[in-house]
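Below, each structure is written out as structure tokens.
First chain A sits with chain B, and in the next complex the same chain sits with chain C.
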Partner chain A sequence: MSELSHDSSTEDTQLRAEIDRSLRHPVMFFFTSGAAWLAVSLILGVLASIKSHNPEFLGECAQLQYGRVFPAHLNALVYGWGVQAGFGVLIWLMARLSRQPSRNAGTILVAGHIWNLGVSIGIIGILFGFGTGKQWMEFPTFVWPLLLAAYAVIAIWSLVAFRIRRGEHVYISQWYVLGALLWFPWIYLTANLYVNVFDVHPLMATAINRWFRQAMILLFFAPIAIASAYYITAKVTARAIYNYTYAVGGFWALAIIAPWAGMHAVMGSPIPVFLQYVGAAAAMLVAVPLIAAGVNILKTASQSGEATAHSPSLRFTVAGIFGMLLLAVLGLILAHPDAIAYTQFSTAVYGYEVLALYGFFSMCMFGAIYFIVPRVTRREWLSRRLIRTHFWFSIYGVLLIVLFCSILGGFQQGAAQRAYDESWSSAVLSMFPYVVATTLAWCAILYANIFFFIHLTLMWIRLGRRSSHPTLLRHDHTTVSPHGPEGDIEELENAKA
Partner chain B sequence: MSNSVSNKPDLDDSTNVNMDAAAAKRENHMFTEGAEPLSLWVILGSALVVLIAGGVLFGGNVFDYKNFVKKGYIRKAAPNASGGGAKPKLAIVAYKAIGKKVYDSCSTCHQPGGEGNTAFPPLADSEWVTGPSLRPAMIILQGLHKPIMVNGKRYEGVMPTMGDGMDAKKLAGVLNYIRNSFGNKADKLITVEMAEDALLVSKERGSGPVTAEELNEKYNRELKGAELAMDTPVDPKTLEPAAAE
Partner chain C sequence: MTIKTFLIGMLASFGVAWMCIIAIPAAKMSALSPVKMNVEDEDAPYYQRKVAGRVMSGAAIYGANGCYYCHTQLIRPTYLGRQIWRKDAAGIYDKDEGIDTRRETSHYDYKDEDFARVGRMRVGPDLSNFGHRAEMYAATAGMSPAQWVMEHLYNPRNSELFVGNEGQKTDMSWSNCPSQKQMFDENNLNGQGDSLAISGQTTESTEVIPNEQALILTSYLLTLKRDDILPDMLANKPKDVDVKEEN
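On to the complex of A and B.
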């Protein structure tokens, strides 16, 4: 990276440092509490996965049964980790790209605590039997207005920052962040009103619930991850975005296509056919904007292979973008009506969501966190070995869950379910090796993220390395410390004095 | 590391960005507006996606509001499968299968073989059973008191009312069972529709056991309804004639 760097003017550096400082408390709060929720979610995920092949595990405690632990796992993953990591990245990105220091960090921090309170109440509510049973909306129904209000207080300042941005140019990441900022309240409010408040036919409520899940992936998590990837890639490689017009076109294509997707998941149910087929077509077509973002980011990153290998931010981001392309391909396959007939009631749906949430979104968020945290804490990451562990165990785990357990297992499960002359229990039993492997995969991801959480917490409590040398994933075996000579800040200070 | 720098808190207001914001200082400028030509493969790949998705969207009856579900999507009952969908059976077999279960409660008196005993008349080779079909239906539904002559023998036993909870399907089943077992051979199948006729007549009459004389006077007729050949394939559960395929 160093040989590519262009010396920024002191003024620029000062402005960046000012922006980073202004947001350091809310950003670190979102990241660290998000990472804590991620660890909670993964523990619950391991538990749910064990319960699915070994129901006697941990006895008959009602709070630990599959029917409660599994939704708690998913909701902690979505609202505890996913949305919070998204908040941290989007407020920082919007401030940086609009070149406006935040003046409302305290308000955002308070709203962030309210969000965490809401998620905590929701998760405890699910575990004690007050869940609603609607996927991704299992929190007791009084929680969603609280979360929406907290969201409004967090997000409004980023809209303000965009409105008073310095310079006219709107970078592609800003488009995506702006999209996510505006789409989240739309989909969250609409879905919760129609599913939880209005007296909608249960069948239609189910379809809306499926639309909500797809929209959360395509209209909230995906735009934030893509925004972060465009930013990190251009920043770390110091290259121009491969084809900028194509990138902007990809954004508008996503904005037009993605809201239609989702209701194909209930294909075959008596809701109007066009909802199912438009949903299927949109879920497949969304591959076009995803390919646009993927090609642009990977082409930009590939011009600087060394940076991709050495920078933890870029490595995680590129892995996340590969996850996004895999998601596009899987969407193309799984949304096809011929495949839906097999995979509709199988683990393939879960696999698609895990890939979207972890293999794509979370990997991009990790990349952003490895980039942002040294800037807002002014400390370097402590250990490249911890980062490597985090990276590889994440990759192994998510590939095992998605490709092997959910896709291969999902099609086998679907085929077994359709074997009319076999008993249903044989279809269930045929999944045994896959659910055991899912448990192992979640254990690997949990292992990776416990270290990530510890690493991030050490950074948060300002125990990071004080150096001007970034923590890069190099493999050089020299006698000096892998991070360069230690204590060079003091040397600089002494030289100055 | 950290104890040696305590003389300069790094986040004080007089920030020296060169020293404290090292990460922000070493950042690159961003060059955003690239305009490399797009690879043909990208265009072809996207076109393929559009083609497949377009096939899904325009390949079916997207705006057909009558058929909610794509044709052939919901699985059919598999042929020769035990689990899914019921296999059609011959009408007489299906009706008798239902009737045999009902007859379990008759067999205490009339005996499993239908031969009866000293108090209760036989069903085998009895003109009351194989004759006009409304008469046995009324006996089952209403019960019978006072003696009855069967094949020249007098039987004193009281037949209790069996009509409670007896629907047309069960009645048709048990009628067909007794009329086609124990050596009896009826020429006509009692369909569900005919059994409904019996239920109607029984309802009009009101409750109370019938006598043999009353049966001969008022109810000496066949049950009304469309006839069904005994070898028609029917669904064993619903007793509806099975589809032609």
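On to the complex of A and C.
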């Protein structure tokens, strides 16, 4: 393991420390407020889930009824946690890989506050009955320009950092991050203009809304998670990526296939038929780039099984990559028109979203957070027990949701709907065990993340351990740091070549 | 890979898809030409969908309260779903009377809304033809359709609302539908009381009456009758019907 580690010069070490220091505040702000939103989203999710089998729970208060709590839960998960965790990871990755300390941490921090303000207004708006009723875009309409402006201010500095990068080589994670940086405004602006501003056919607005949801998963969340996974895996195992050509190929396959996916969600509605089927085909084909990236990352990680067992970052990342492979397979199943006949209007959709947002994206982000936070705060994580609880309860929860919501529940619900001679109550009652199981699964995830939030907050207020020994998941002492040797990622590439 | 090839690649890969599935279809769908009721007949009138109700604001309330999470508004072709055969879901079907208005959803059906509320899950029944069903249930329960809808919004688990032809009641306690009590206000009872007051909630001095939101939403829900006769080229009906043609 040690033959590949390099002694990096003092100058490089100083530069890395400078980059970490320069981004400490914005990165920690994004992570901590993201984790807080995650906790809010999970509480709302548990509440919505209970209400889906017990509608009179907590009384029949308007602000807490299912139809408002559920979109609040989903939007908090997407914009409060998902996008913010993504911001934190991408600005840090871009600065580190471009070897440029940030000179605009203050501006990014202000924009981060504006983003949080927008999300808060949006969530409160939904709960008080001002939601738009458009999936993933439920925030009151005036919020989206605010969010887009905040995004622009945050993202522009990462583009600048890339532009003035030091060194010629561009690492694969940079391409993915750059892709996400450019795709997000295009997707977000397109969706909001067509759905909220332009006077298009109402069905086309709905179709674009569904496309937006899929594009956010495949062209914003997925690239950031993959970028972080490539970086963390190579760093922690101190190995070069298994096959760099495949990595680049995977990126372009994603870029070419993913923008077409999404409109299969309105299959059977009177929009042009090719939109529905090209959406289904792309949603299935996107398994190719996801599997290519996944296998590549797992191959890299498997060169050092030890590190996967020790390092929290790598363990979460590998779990996230398994989530991605599962997502590819689930997409393959759920986007098939024969399956759509059953699952189009069922909980399967929700299971897919939860797997994408939590099982894949969030797990990769947790991996990145366990890696980045000790570096920017210069403190080590307090307790391996908290990390372990976070890991296992997340895994149990998300697997239960995928199993019960997406696979079993989705098809059961679809079959019950198709039995057109049966009364509707039988379709509703047949779902009861699955919705109860979903509630339990959310409780497990909530339990995991309350500890994560507390742990992260303690790190944020700099109460982490002052130690040069990182927090590992196991006791054994190895000579090499489980975070991998310090050094720049290109050195690993060069060593391989 | 240089930054230039990267940007060109991004622009091409995303731009082509964007043009083909967003920009061009959206433009085409916004400029649909009117359709004649009968293409072969030169003098045939053009199809026009007529809806009377507070559709735009009603649909906004429908969206804000998340009704679309559990209710869909789409009758799919039979190769995707079988809701066209579900009783009263896709239109009225009475074999004895020779009435069959069942059909798939057409793109005209959402014409007056700004966003088609196709829906996400089908926890509750499809609402494409809820207007018809509300009228039927109201008739058997002895209420006006609007009153019936409001009773249902106030308490979806009200077993008094679904009355069979022989007066038998249907148990609704299994329903997961959230009650929309925020759309109703408690008022002082004046004179004979409000005709839309919720039954069973009137005390000696107060009654529960629907507010503006409930009125608008009810007006919208009662417009949901998506089974009007379409031009031949658009009408997709179930094939295995043996009722006489109505034209």
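The rule is short, and it goes like this: the second predicted complex is superposed on the first by the 467 of 497 C-alpha atoms of A that agree within 3 Å, B and C clash if a C-alpha of one lies under 4 Å from a C-alpha of the other, contacts with A are read in each partner's own complex, and residues count from 1 in each chain.
Criterion: contacts are C-beta pairs under 8 Å (C-beta built on N, C-alpha and C of every residue); 3 or more make two chains touch, one makes a residue touch a chain.
Everything numeric here is computed off the predicted structure, so don't read it as measured data.
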Overlay on chain A: chain C relative to chain B, clash or fit: clash
Contacts of A:Ala287 with chain B and chain C, given as first, second, both or neither: first
Partner chain(s) touched by A:Gly131 [first = chain B, second = chain C, both, neither]: second
First, second, both or neither for A:Gly268, with chain B first and chain C second: both
First, second, both or neither for A:Val278, with chain B first and chain C second: both
Chain B versus chain C as contact partner of A:Leu332, first or second or both or neither: first
Chain B versus chain C as contact partner of A:Ser346, first or second or both or neither: second
Touched partner set for A:Tyr242, first chain B, second chain C, both or neither: first
Contacts of A:Ala234 with chain B and chain C, given as first, second, both or neither: first
Which superposed partner A:Phe452 touches (first chain B, second chain C, both, neither): neither
Clash-bearing segment of chain C relative to chain B, given 75-83, 147-155, 183-191 or 201-209: 75-83
Shared chain A contacts, counted only where both chain B and chain C touch the same residue: 267-272, 278, 337, 341, 418, 420
Complex contact set, residues of chain C against chain A: 1, 3, 6, 9-10, 13-14, 17-18, 20-22, 25-26, 28-30, 32, 59-60, 62-70, 72, 74, 76-77, 79-83, 85-87, 89, 104-107, 110-111, 113-125, 156, 174-182
Residues of chain B defined as touching chain A within the complex: 1-2, 4-5, 8, 10-11, 15, 17-39, 42, 45-46, 49-50, 52-54, 56-57, 60-65, 67-70, 73-75, 77-78, 80-85
Complex contacts: residues of chain A adjacent to chain B: 1-2, 4-6, 8, 10, 12-14, 16-18, 20-21, 169, 171-172, 231, 234-246, 267-274, 277-278, 280-282, 284-285, 287-288, 291-292, 295, 299-300, 332, 335-337, 341, 374-375, 378, 380, 418, 420-423, 462-463, 465-468, 470, 486-487, 489-490, 492-493
Residue ranges of chain A touching chain C (in the complex, touch as defined): 51-53, 55-56, 60, 62, 65-68, 70-71, 129-135, 170, 175, 178-179, 182-183, 186, 190, 194-195, 198-209, 211, 219, 248, 252, 255-256, 259-260, 263, 266-272, 275, 278-279, 337, 340-341, 344-347, 349-350, 413, 417-418, 420, 424-425, 427-429, 431
